[in-house]
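Below you'll find the structures, each written out as structure tokens.
Both of the next two complexes hold subunit A, though its partner changes from subunit B to subunit C.
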Partner chain A sequence: MLSVLILLPLIGAVIISFWPQKIGENDSSPLHKNLALLCSLVILFWTIFLVFQFDPNQGGMQFSENLTWIEWLGLNYQIGLDGLSLPLIVLNSLLTVVAIWISSETIERSRFYYALLLLLNVGVVGAFLAQDLLLFFLFYEVELIPLYLLIAIWGGQKRGYAATKFLIYTAVSGILLLASFLGLVWLTGAKSFAYGPLLSQTLPLATQLLLLSGILIGFGIKIPFFPFHTWLPDAHVEASTPISVLLAGVLLKLGTYGLLRFGVALFPQAWQELAPFLATWAAISALYGASCAIAQKDMKKVVAYSSIAHMAFILLAAAAGTPLALVAAVAQMVSHGLISALLFVLVGVVYRKTGSRDVDYLRGLLNPEKGLPVVGSLMILGVMASSGIPGMVGFIAEFLIFRSSFPIFPVQTLFCLIGTGLTAVYFLLMVNKVFFGRLTPELANLPPVQFSERLPGLVLAVFIIILGLQPNWLLNWSEVDTAAISNQLTVNQVQLTMKN
Partner chain B sequence: MTDFLLENVWFIPFYGLIGAVLTLPWSFGLITKTGPRPAAYINILMTLLAFIHGTFAFRLFWDEIPRQLVFHWVQVADLDLSLVLEISSLSLGAMELVTGISLLAQVFALGYMEKDWSMARFYGLMGFFEAALSGIAISDSLLLSYGLLEMLTLSTYLLVGFWYAQPLVVTAARDAFLTKRVGDILLLMGIVALSSFGTDLTFSELESWVATNPLPPVSATLLGLALIAGPVGKCAQFPLNLWLDEAMEGPNPAGIMRNSIVVSAGALVLIKLQPVFTISPVASDALIIIGAMTAIGSSLVAIAQTDIKRTLSHSTSAYLGLVFITVGLQQVDIALLLLVTHAIAKALLFMSIGSIILNTSSQNITQMGGLWSKMPATTTSFLVGSAGLISLLPLGSFWTMKRWVNGFWDTPLWLLILILLVNFLSAINLTRVFRLVFLGETQAKTRRVAESPWPMAVPMVSLIIVTLLLPFFLENWQLLLTSSGQWSENAPIWEKVAVPLLVISGFLGVMLALTMELTRELSRPTQFYRRFFQDLLAYDFYIDKIYGVTVVWLVANLAKLTSWFDRYVVDGLVNLTGLATIFSGSALRYNVSGQSQFYVFTIIFGVGLLLVWLVYTGQWSMVFDYWSSFFN
Partner chain C sequence: MVTATFQPSKHPLAEYIYRLERGEALLKDSPENVMEVVGILKSYGVVLDAYSNNLNYIAEHQFLELFPFFKYFNGEVTFNKLAQYLCHDRINFEYAEYCMKAMFWHGGGGLDSFLDTSEFTQLAQKAIEAKLKGNFVILTLHKIFPDFLFEQIRQMAYYSGLGQFWRIMADMFLSLSDLYDQGKIKTIPDVVQYILDALVADANTPITYQVKIKDQVYDILPKSANLTFLMDTAVPYVEAVFFRGTPFPGTISYNAQAYQIPFDQGSFAFGALYADPLPIGSAGIPPTLLMQDMRHFLPDYLHDFYQQTLRKEDDLRVQICTTFQKSMFCVTTAAIKGLAPFPLDTINMEEKLANRKYLEKWMNRFLSSRILDVNH
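Up next, the complex of A and B:
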């Protein structure tokens, strides 16, 4: 059942890449898009089907599949779905549809483009499903190549620089992860890279700390945290809109997902040792990201830096590690995925219509006759959701994070709260400059926005509001499984205190 | 039927929300044939329904024991976030006030916004506004109230920014949002802390929680101060007071709501949080100090304003300052009375000046005069509204103040002086505005003015009647029950003469303003001291300038600094590493000679070095054992 999620995009990618570029005289680029869209919709429906099959109260892996692959290496094709990965899988399927939907119909080398998008999907889904450390690592690296190409070929002016920077950073991240995984498996003497048995490892604390540092920095680059973040703004600015949506919405979540799955769960003891530092790191990263965002002039950069700030809250929650905190962390992943995707979609529309993302150039776009009023309204909604205005999913996720972290790390939590407050500052400055004021003559003849261009934004906005009003639907999925992870932390704490 | 209305009281806020949602087709331009008016009618109808529903519920519920409605919102892990509504005569009364003023303001807007092309959007926002406000009125949960306060912040932003093409509006909307947001974030910190300290955020249970003496003094103080911050922003108290003044750039009907009930919503939350402040003397003192500073400062600033809206908005801050003092002194009943009387009188005053602004197309009082004979309803509104606000004639404010100082509560001397001062200054301000606008000679802008159309006149007249009848309502609802308090034997002398003093202070204010010389010119006084004081007050004690060189400067420059640091130091280091790699790579490529001898030499040399190092450090046996294990 789960392999379908990996196979479908793979088959789709193969079909599209062998589909003729021209049928007769007609260029079949739009057809490629429709094929890709069809494929992604089928994936989405399959995901929804899985959601209904999924039993959130059961706990542990469901729909597990286990195939022996390379026995002597200890690598097996072992996948499964639990409450931690399910929300992210759904998010990924949804955002892939959105990304393909907003891709240009007349994009150059369309076969290659859509095939890569679907391959990217293969990598991401595989990584979320993998129950084998090495398999996770493989998918984690697989996702890298299409993304590199997508930025390097269809990006902006400095795409080469940005793509290479992204590649090098993520490669370093991969090496660190691989080193930690190998170290963990070899030092525990495990026979394979299977995830389950490793949960009960009993390595000395010093070794654990060393291995955990590798994982922390590895995923810290991916998420990204200060000071490993500089690839992100560059990548976002140069990547085209659909890629930005996927990058911010899904790919960064690989890092936070990994942090919970391979950091907290595998090294509970070391995690607790490091937790105070991690919380401080989260606070610094949040304030740093927010502070940088205030000074940006490019709309995409503002959103990119805000990602850094908002992703840091997940680290804070993970550091706190209570059941509530970990549920909140998952909720924040989904919330940030939806909100940042919405913001990037809208910035993309603005860019396509006006040819600019410069906040000093754009002005008065809310104008109902000649401007982009619906896009502007949605932008205000997205910005408010990001600032944590109640009634939208951003509020409940962040509130739960702060509520759960405050008893454990009060000071760090308060600093993160200031970071939330700054969200309103930088986004409001952006919205005020771009959408308010009088429409300048250069911007007065904008092409009209089609309904199909508004649709993805509207859909995302609906999700943001529904989950904001009824967050239980989101929280229930992951409650049992995150509680299990958190339980390990507390069990460990008890053991520690007993030893003392 | 009656049961049905009572059981579904929780639905009243949704009327406004439904109205707001129904305006969307018009505001997004999906329906253009009909023009925006249907959207307005729908909203007025929904508000009317809410008002009628509320009235029935209010009358039916009179004197019953308060009930609670609990909605379990989020239950996850060990946390249970419930949204609690309190159905009591008090909360239903507050909701009546909200829907009533909202109804009048919306009818008023029919006339005021008649020629505006985005009327539908305006009504949508007003519906949203009303929904949030009536929700706050019946909310018994801090979390729900916070959510609704944020909805208010958002809709204030959108309403102030309604005419978003004007530059002043843009900054005003931004400042309104950010100023309130500062307060809200601190409030959120307080909520997070309060929730972590083991209470479930229900207002009515705060008292029993406080009775368990749960917190060390420092935590209690910090918590109290954080919880105060939200209402400080909402009620436009010092130091977060400037947004209300700037918000006057928005449409006037929204100003009616904002200056009467929106500020009261913040105060209501403060009143409900009052038990928490009892455990922290610092927080109580902070409330009193903030309230006193704002009350006096704003009253003074109001006198120096020439913009008709701003003269009144500063007075709003001043009266809300009095409410803060009452909460600090734990005199909650007085706080509620003050809110009711102030809200009604202020709403009436704002309607009156809305009518003036629409008809004269000006907000500058120095350009007006002689309107009394041309706009009788507007003039009467202003007079009655002023009378309701200052304690001179036996209208709402007089009875409230009388109850405050008549000896039932302990009235320290400083408080009496403060009340007298605020009353005196308000009297001066309102009389001054009245003289400039309505009396004297007509001027260019006021010569051809006529009375407003009926959609504006009807709400004004209705509210005049309400203001005049307010004392009877209050008496009837027994809110003035303790008005004949017992004099204790050793009550200080000033408490016994407080009520006459109050009337005298109002009278003196009116007299002074009637006799003092008023210049219509915008020329500034030539004397240094007079000019200094006039400018000081006219520019709000330069608070915005002070912000500009402190907080705003700090944030802006910190942002620039981090951004620079990010670009050149963090990213620079990374690029330097990259550059070093490239350079060393290009240096090394000269080693690539293509001769196999060289490669073999390199390999042997490297392995040799490794072996030497291993032998030297004594790890040789380890390596040997490892490899030999493969062959056994």
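Up next, the complex of A and C:
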């Protein structure tokens, strides 16, 4: 059942790639978009089907599939779905539909473009489902290639620079992860790369710390945390809107998912040793991201730096490691995925209509007749959600994170709270400049926004509000599995206490 | 003996002076402008008809009512009408009051002067005594604050004055539309001439106001005051609403402490001819109410015209306002022509010079107006 999620986009990518093209016909057809959209919708419906089949109370992997792939290497095609990966799979399926929906119908080389988008989906879904360390690494690397090409070919003016920077950073990230996975398997004498909690327990603490450091830096680049973040603003600015949506909405979550799955769960002892430092790292990253966001003049960069700040809260929650903190971390992943996707979608509409993302140039776009009032209203909603206004999913996730981390890391939590407070500052600065005031004469003749352009934003806004009013629908999925991960930390703590 | 010569005007808006001297209008003549102006004046006529009926109703039936809760219902307070009102399925009569208050505030003309006479005070006092007979609380308050009720009646006089003025204007604009439909109005000068003729024809229509209290009729604006349509309501209206207006809250805030609002009311330049259409549609912008009302009564050809624009009818209220501003420049042209010291096509040099001086004075007022934008 799960393989369908990997095979469907793969088959879709192949069909679109080889879709016949008449001689002399421009390789830019709405048909390719429709095919990709159909494929992504089927994936979304299959994901919804899985959601209804999933038993949140069961705990552990469900719908597992296990095939021996390369026996001598210890690589198995082992996939499964649990409460940690399910919300992210749903998020990925939803945002893939959104990304394809908002892609231009007249995009050049559309066959290649949509095939790459679907291949990206294959990589991301595979990584979330993989229950084998090497398989995870393979999917993690597979996702880099289409993303690199999507930025390098369909990006902005400095796309080459941004794509190469992204590739170098994430390649280093991959190398560090691979090194840590290999080290873990070889040093523990395991016969395969199969995911096994407590795998590291036979290793000395110093070795665990070394291996965990590789994982932390590897995923720290991907998420990204300060000071490994510099690729992200460039990538966002140069990437087209659909790619930014996927990048912020899903791809960064590979890093935080990896931290919980392979950091906390595989190295509970070392994780606890490093937890205070990780919480401090989170606070620094949150404050740095927020401070940088205040200074930005490009709307996309504001949202990009805001991502750095908000993703840091997940590290804070992971460092706290309590059941509530870990479930909050998952909630924050989904929350940030929805909110950042909404903000990028809206920034994309603003850019398409005005030709600018410059907060010093744009003004008065909330004008009810001549501006972009619905887009502006949705932007205000997105900004409120990101700032943690109650009634929206951002509040639920951040409140749970701070509520759970404060008893353990009060100082770091307070600094992160300042970071979340700064969210209101930089986003209100942006919204105030761009949407309020008098519409300037240069912007007085903007083309209308079609309903189809508003629809993705409306859908995301509905999810943000529904999950804000009924958070249990999100939290219930992962409560049992995150509690199990947290339990490993507690057991390890008890064992350490007894030893001492 | 000094011979007067007719030099070219050095005024920045000299082009418009020449236009008027040639018998043209402030608004450029084109079939599209004619269609827009006539179409918008048709819908304006329908709206003015409703405004006029309501202003007259308030003046006559809500006289000194301390709590006029249902003043916009024209005496028909039914559940259905209340439901429609609450669902905002109604005409925005507030806009009519906004214009009335602009006129009341800026004054001018015989109506304003008459309201400061002792004759008015005596007439008003009689009406107050009749209306409040037996109401000792209010009569006592009237003695303590003697100006309050008089000021209320002055306001009622303006309700009535504007109601009567708009009654004539509504009919005039609807007739204009009929003539256009019959093919008798083809150019902007035709529109201006029609308005000018109609204004002149009704110039001496008397403006009077009586209230009926307990079957007894009381004069507030008697016929003996000799108030007439043109000089005592039309001219003050154009001055107050087209030129001076009142600064309204919205995207631009006027700071009185920073002297952004002139002390001299004659220097106000916030009227319809100066208004920026872009903020229309935003909360707190009074013309939004008028545009909301007019959009219900646009003729089909104007809808078709707006449908051809970039945003189709997404920005309808701003488009209506832009068109409305064009039509107001036509009405203003008629007013300028009508008030000119001599016919603008005179060949007498002295008269021409006097007219030139007169037109340059007008053009000074247009310097910060939207005249260039509507002719763009």
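Criterion: the second predicted complex is superposed on the first by the 487 of 500 C-alpha atoms of A that agree within 3 Å, B and C clash if a C-alpha of one lies under 4 Å from a C-alpha of the other, contacts with A are read in each partner's own complex, and residues count from 1 in each chain.
As a convention for this text, contacts are C-beta pairs under 8 Å (C-beta built on N, C-alpha and C of every residue); 3 or more make two chains touch, one makes a residue touch a chain.
Note that the structure is a prediction, hence the values are computed from the model and not measured.
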Message: Contacts for A:447 in the overlay, against subunit B (first) and subunit C (second): which applies, first, second, both or neither?
response: second
Task: Have a look at where A:46 lands relative to subunit B and subunit C in the superposition and call it first, second, both or neither.
output: neither
Message: Is A:361 touching anything from subunit B or subunit C once the two structures are fitted on A? First, second, both or neither.
response: neither
Message: Taking the superposition on A as described, I'd like to know which of subunit B and subunit C A:168 touches: first, second, both or neither.
response: first
- prompt: So, does A:54 touch the first partner subunit B, the second partner subunit C, both, or neither?
  reply: neither
Query: Should A:428 be classified as contacting the first partner (subunit B), the second (subunit C), both, or neither?
result: first
- prompt: When the two structures are overlaid on chain A, which partner does A:437 contact: first (subunit B), second (subunit C), both, or neither?
  reply: both
- prompt: Touching subunit B and also subunit C: which subunit A residues?
  reply: 364, 367-368, 437-439
- line: Seen from subunit A, its contact residues with subunit B in the complex are 165, 168, 226-227, 229-230, 288, 291-296, 322-324, 327, 364, 366-368, 373-374, 377, 380, 384, 387-391, 395-396, 399-400, 402-404, 406-407, 410, 413-414, 417-418, 420-422, 424-425, 428-429, 432, 435-439, 471-472, 475-476, 479, 483
Statement: The answer for subunit B against subunit A in the complex is residues 28-29, 73-79, 117-118, 146-148, 150-151, 153-154, 158, 161, 164-167, 169-170, 173-174, 177-178, 181-182, 185, 188-189, 192-193, 195-196, 555-556, 558-560, 562-563, 566, 570-571, 574, 578
- prompt: What residues of subunit C sit close enough to touch subunit A in their complex?
  reply: 251-252, 276, 278-282, 310-312, 314-318
- prompt: Taking the complex as given, what residues does subunit A use to touch subunit C?
  reply: 364, 367-370, 437-439, 444-448
